[in-house]
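Below, subunit A partners subunit B and then partners subunit C, in two separate complexes.
Let's turn to the complex of A and B:
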């Protein structure tokens, strides 16, 4: 960075400019985000056009598969529920300054625990569902807690350990559904057995609500929305949330202010794991679907939920519309193939969307910092909250 | 089949599974020494694998495909470097997004296109190939394998003996101090990512036009993450990192050979071994200060 004395507006113009800069999330960020979104959409359309598809037809197919009628809405909301749960969890850990990227594994562990409770414990009636959900949250919370433990005791990087634990979780589930004594389906006659569990009993399934013809609000969605609102309130309106944010912004200051760093940080990671685990249970007990534990049950919901949180910039309430959008992309993606555009397109669109939401605020903050440090020319450095930029 | 034949078969399949890991590991090792925890390695390998097959099919030359793979790896390294170490977007976020983007894009493109199969030629070293047991696995290979003989010492020399490497290590350990002495921290990190991209690209391209001759969806299947595990397992030392690659390659070969050998070793255990070993290594080495101190931390001048 070169110290420039020229090209700095002075006098009235400068004061006016300062008025137009209302903080790091001001109009510049909004403008940059809109611009980035347009670029992302243009790139996606270009990709479709170059490969011989029609962007308009693709948009229509996406709409048809996700929002055109109540059946489509039902499927969209079915995807939205676990995505939102994962995203809300990701918000909690990111707020505390720990970046958990192991949701995919935590989803699997949650589903595993729920399946085990549902199939191996002799519980009947509506209690079963409650116990299943609790077990999923506990198991996945403990799974994420392991990463926290490794970090607190031995300083192991949380991002790396949660990532590696994801691959461990995949094999744990693969093992469980290959072992008859654990969860593999029971043999019927001479039929070959697959690596999957038996279907859950009916009392272990989440119900659907809503009397509208064809539109079904699945129980998982209600769980997810409640979780999002609770977490949003807890983060913004309670002393706990204040301590959490303080820990994320500046761990040292938080420690000096009397925050129990280890307990709070560990709890944040465990909560984020628990919510991902709930998403796993919701996937398993979904009112439609096979309701069996299969190695592919997580369907990248964990990775996508993480992206939802990134787009929502770690705000649980903002995660709701974003999770809905990602649900739309998922359920609409299935309809794309009919137009000759592979459904993998939605993965490209998702990745571009995330970039379009994540990069602008960081870039705007960077440009502003450069400008301000040029302006003060070394005499005064503006303190910028680094932790906030570090994660989205 | 005799036991010697079995061992020879597993060895040769193990070596073939190790080579892509080893190329990428040399790159990731250098990037991590410079302080970038580069998880877009998977994207680099996968993108390069696709690019090499597409180019080989278009030009009819597998070698051109290999070069194209390296270029694609470079491109992804360039994008990652500029997003993470120029625009200061969180490096893990960049990695996640690039992985998702490349996986989606290559899956998309392979669904609507078909490519001819091309493979680089095989080299058979006279005399040496006749050594019992290890002769055939080591000395009858596709020629890019022998690039490792060049790449490994070069990486070691770059990191441990060159001025550039000294600066890289300084940037990975103490970026603030490096900055004060006049090293351009983020430039060095971007350069390290370019080296990483080129080598990961070579590894991915070798996998595609070297071993298989074609591309299929999600071809690398998490090999990038295994390489990251290998670098951690190797405690950020090149020799041990490569040892980790060999170990993980052999474990993979064992897993594939199990049914044929009639052994009942748990295949999930073999798949999970790299990750468990990496986690274990991190727990053990935590107190020995082997990890580059600034690993994964963005550099912002004036903040500590």
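Let's turn to the complex of A and C:
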């Protein structure tokens, strides 16, 4: 790595290159990724064929549903927004060395808070939307902050607590939409009531730029992109981000350097929760859903957002194209399911794609080590059994 | 003696255990190894010397298959062999104790020792093996102890046991003594002598201490900028010659006596040279001490690691805290780094008590510290040289809320030049610097912060001769500039050369404070043993 980076000219260009660089051994990783993608596609086609579908028609459907026309693009971008928000949050906490994996629950809590503000507070006009978003961020941030508190008070592992809190969040939302005094929809005449809230008032909805059938860009997407850029700048360019990075890479040295380790870690967790909460508010208030709080409103966006961050290696700017890709899979996947391909297959395809992105850097590094030790194959073959003997 | 002779008969010097020919390795613009030829013989200890960054560790990592060479041949006897991964090295019987410990803190001794083995884990068998090796070589250790509870000397033993258990024919030790006390070093050399004389193994020993090299090795090779510049039988050379070969110029050994570990240890220590001085003398009584430690007690798991430790350091004074490793020095260092809170007692800086529970309070109050374990708390290995250099003053290189890369790099370049940090660029991660240059990054950052009080814990560990000389001068300069310096050291020569007062620590308490004039080896020895003199 140093050998290649030393060859790169210094200055801005170099820094740019470093950001674009997918990892060590640049072009090999890229080639391996392309290869892995092809394999993933081949496997997916095989699976679809086995279950009785037509791979060609499936690809066609995937494309139709996600990119074929402006309407398809609109729906892709509607999914991209919450995915990106969750992923950007995940970047913040991962950077600090704390792994928040409870985004699914934080999304729910964000949606719950936004719904309560939107339906129960008598706020009118555009202020309502602002208050909804703020409430979502605050509530989900505090929710994630609880995990940091549990860690500090009782030493509970953050990964475990954030995940378990997701199940608690699911119960809380289910309770809220089943209790008339909380958020359950109002009874109209004798019609049965469902476990969901009333629809949001129009002033609580996120508007879009553009009109059907043209491309529509929802406010949620703008919010997500702005958040990604802000977080990217904060992480790489500010003293705060510097401390965060230090904390993630060597907490002891960070403490030694005077970083408030607990406070900073807690803040990182809360921020990642807040961004997931915003994603929840966007899911509630943008046309991606029905603008009501429902127990299933998170739609696994929290989990998928984590995957986005994983593929983007915790870099907020890289998360943008990845979130777009995942958006494509979601909108295209929905379309695909409509053509009869079972929806679990869409999930399998998604998993294969994640692997295709995450595995190559590791594989390339391994192969390189192996190959360099194979240069004189003869002596190696001799050496290996002996090595095993010696170790055994 | 008969062992010795048999060993020599078995393998005459004409059949080296290991033969390197034309080994080269470049890291971008840096030539870490330049066409190196080296023969290592059975039954001999081969010393490897060189300045920080000369390429010693790199060469050894190539031998071990941890680093891939660009060109050159490694031969076992007359047959070229391929060492392209550590397993191959193990198979060839090459074992190494690394410059920085590679033990896992949270695991026990036996777990660490069998780490990397394949097959079923047999705890009892592993413990037995550890005990067996430890008995055979006289390296006492409890196989079930957790590694994070061990002192540096004990960790070194574990590393050695781990290595010896695999029965290597070539044993490499990269600066094994830089964290050891004199007694521990002596013990190590006894083991090494046994290993080469009685068991006919080959040993490669890297050290910056010329006295050790001349005393312990049979043959010595000096590297400079990756090249072999000197090679000789140890008996045919002298420390001054070696120093000259390392640095490439004459070195005034008198001034560097302590650095080289060449001052007489027993007998009366040489009085400090008034010219180079011990900084200004202790300030007149009555002035507030710059650093006042008062009744510091630290209890960890019910054991008092420090008890009622009190010590004053006046501005302009260098006080040495001398003692055998593992008597509370590292806890005191952690405390003064803000990593450990005292159970009772206070730290006062310039007459003001410091609120130790506030992060960064010590730093803000003007205390700089060169921590003993630089790898764990001194640097962030995966951040760049520039970032590590400005780590504690990141606010100062920021304007309007943003870090100015330009300013950060300007400061980094200045410090790198001033402290002779050899690095390909300021953006290089600290991880890829040589061990000594990593140390210099910490020294540069702490010394340049302009502290009022400077704690230097084992500041010369891992530094080469020239850098030690430079370090001593900096500590003296700091003191004559009015800084209160507390030098925590296990090396008597170092303390004697620098300090005007010596406080002796034993079992977590100060057993006595002597001026350099009063300090004799006997008195210090008694104090170190916990007897008030």
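Operating definition for what follows: the second predicted complex is superposed on the first by the 315 of 392 C-alpha atoms of A that agree within 3 Å, B and C clash if a C-alpha of one lies under 4 Å from a C-alpha of the other, contacts with A are read in each partner's own complex, and residues count from 1 in each chain.
Operating definition for what follows: a contact is a pair of C-beta atoms (placed from the backbone, for glycine too) under 8 Å apart; a residue touches a chain by one contact, two chains touch by 3 or more.
Quantities reported herein were computed from a predicted structural model and do not represent experimental measurements.
Novice: Which partner does A:41 reach: the first (subunit B), the second (subunit C), both, or neither?
Specialist: Neither partner.
Novice: In the overlaid three-chain picture, which partner chain does A:238 touch, first (subunit B) or second (subunit C), both, or neither?
Specialist: Touch status of A:238: second partner only.
Novice: First (subunit B), second (subunit C), both or neither: which does A:215 touch?
Specialist: In the superposition, A:215 contacts neither subunit B nor subunit C.
Novice: When the two structures are overlaid on chain A, which partner does A:175 contact: first (subunit B), second (subunit C), both, or neither?
Specialist: A:175 sits against subunit B, while subunit C stays out of touch.
Novice: Check the residue A:249 against both partner chains and state whether it touches subunit B (first), subunit C (second), both, or neither.
Specialist: second
Novice: So which positions on subunit A get touched by both subunit B and subunit C?
Specialist: Comparing the two interfaces on subunit A, one with subunit B and one with subunit C, the shared residues are 373, 384, 386, 389-392.
Novice: What does subunit C use to touch subunit A in their complex?
Specialist: Against subunit A, the touching part of subunit C is residues 26-29, 65, 68, 80-82, 84-85, 87-88, 90-93, 116-119, 166, 337-339, 359-360, 363-364, 369, 371, 376-383, 387, 391-392, 394-395, 398, 401-403, 424-425, 427-429, 432.
Novice: Contact residues on subunit B for subunit A in the complex?
Specialist: Listed in rising order, the residues of subunit B that touch subunit A are 37, 39, 83, 87-90, 92-93, 96-98, 100-101, 103-105, 107-109, 111-112, 222, 225, 228-229, 232, 266, 268-269, 271-272, 275-276, 278-279, 282-283, 286-287, 291, 295-296, 298, 300-303.
Novice: In the complex formed with subunit B, which residues of subunit A make contact?
Specialist: Contacts found on subunit A: 1, 47, 51-52, 99, 101, 150, 154-157, 159-161, 163-165, 167-168, 171-172, 174-175, 178, 303, 306-307, 310, 340, 342, 344-348, 350-352, 354-355, 358-359, 362-363, 366, 373, 381, 384, 386, 389-392.
Novice: Can you list the subunit A residues touching subunit C in their complex?
Specialist: Interface residues on the subunit A side: 2-3, 5-7, 10, 14, 237-239, 242-243, 245-246, 249-250, 252-261, 369, 372-376, 379-380, 383-384, 386-392.
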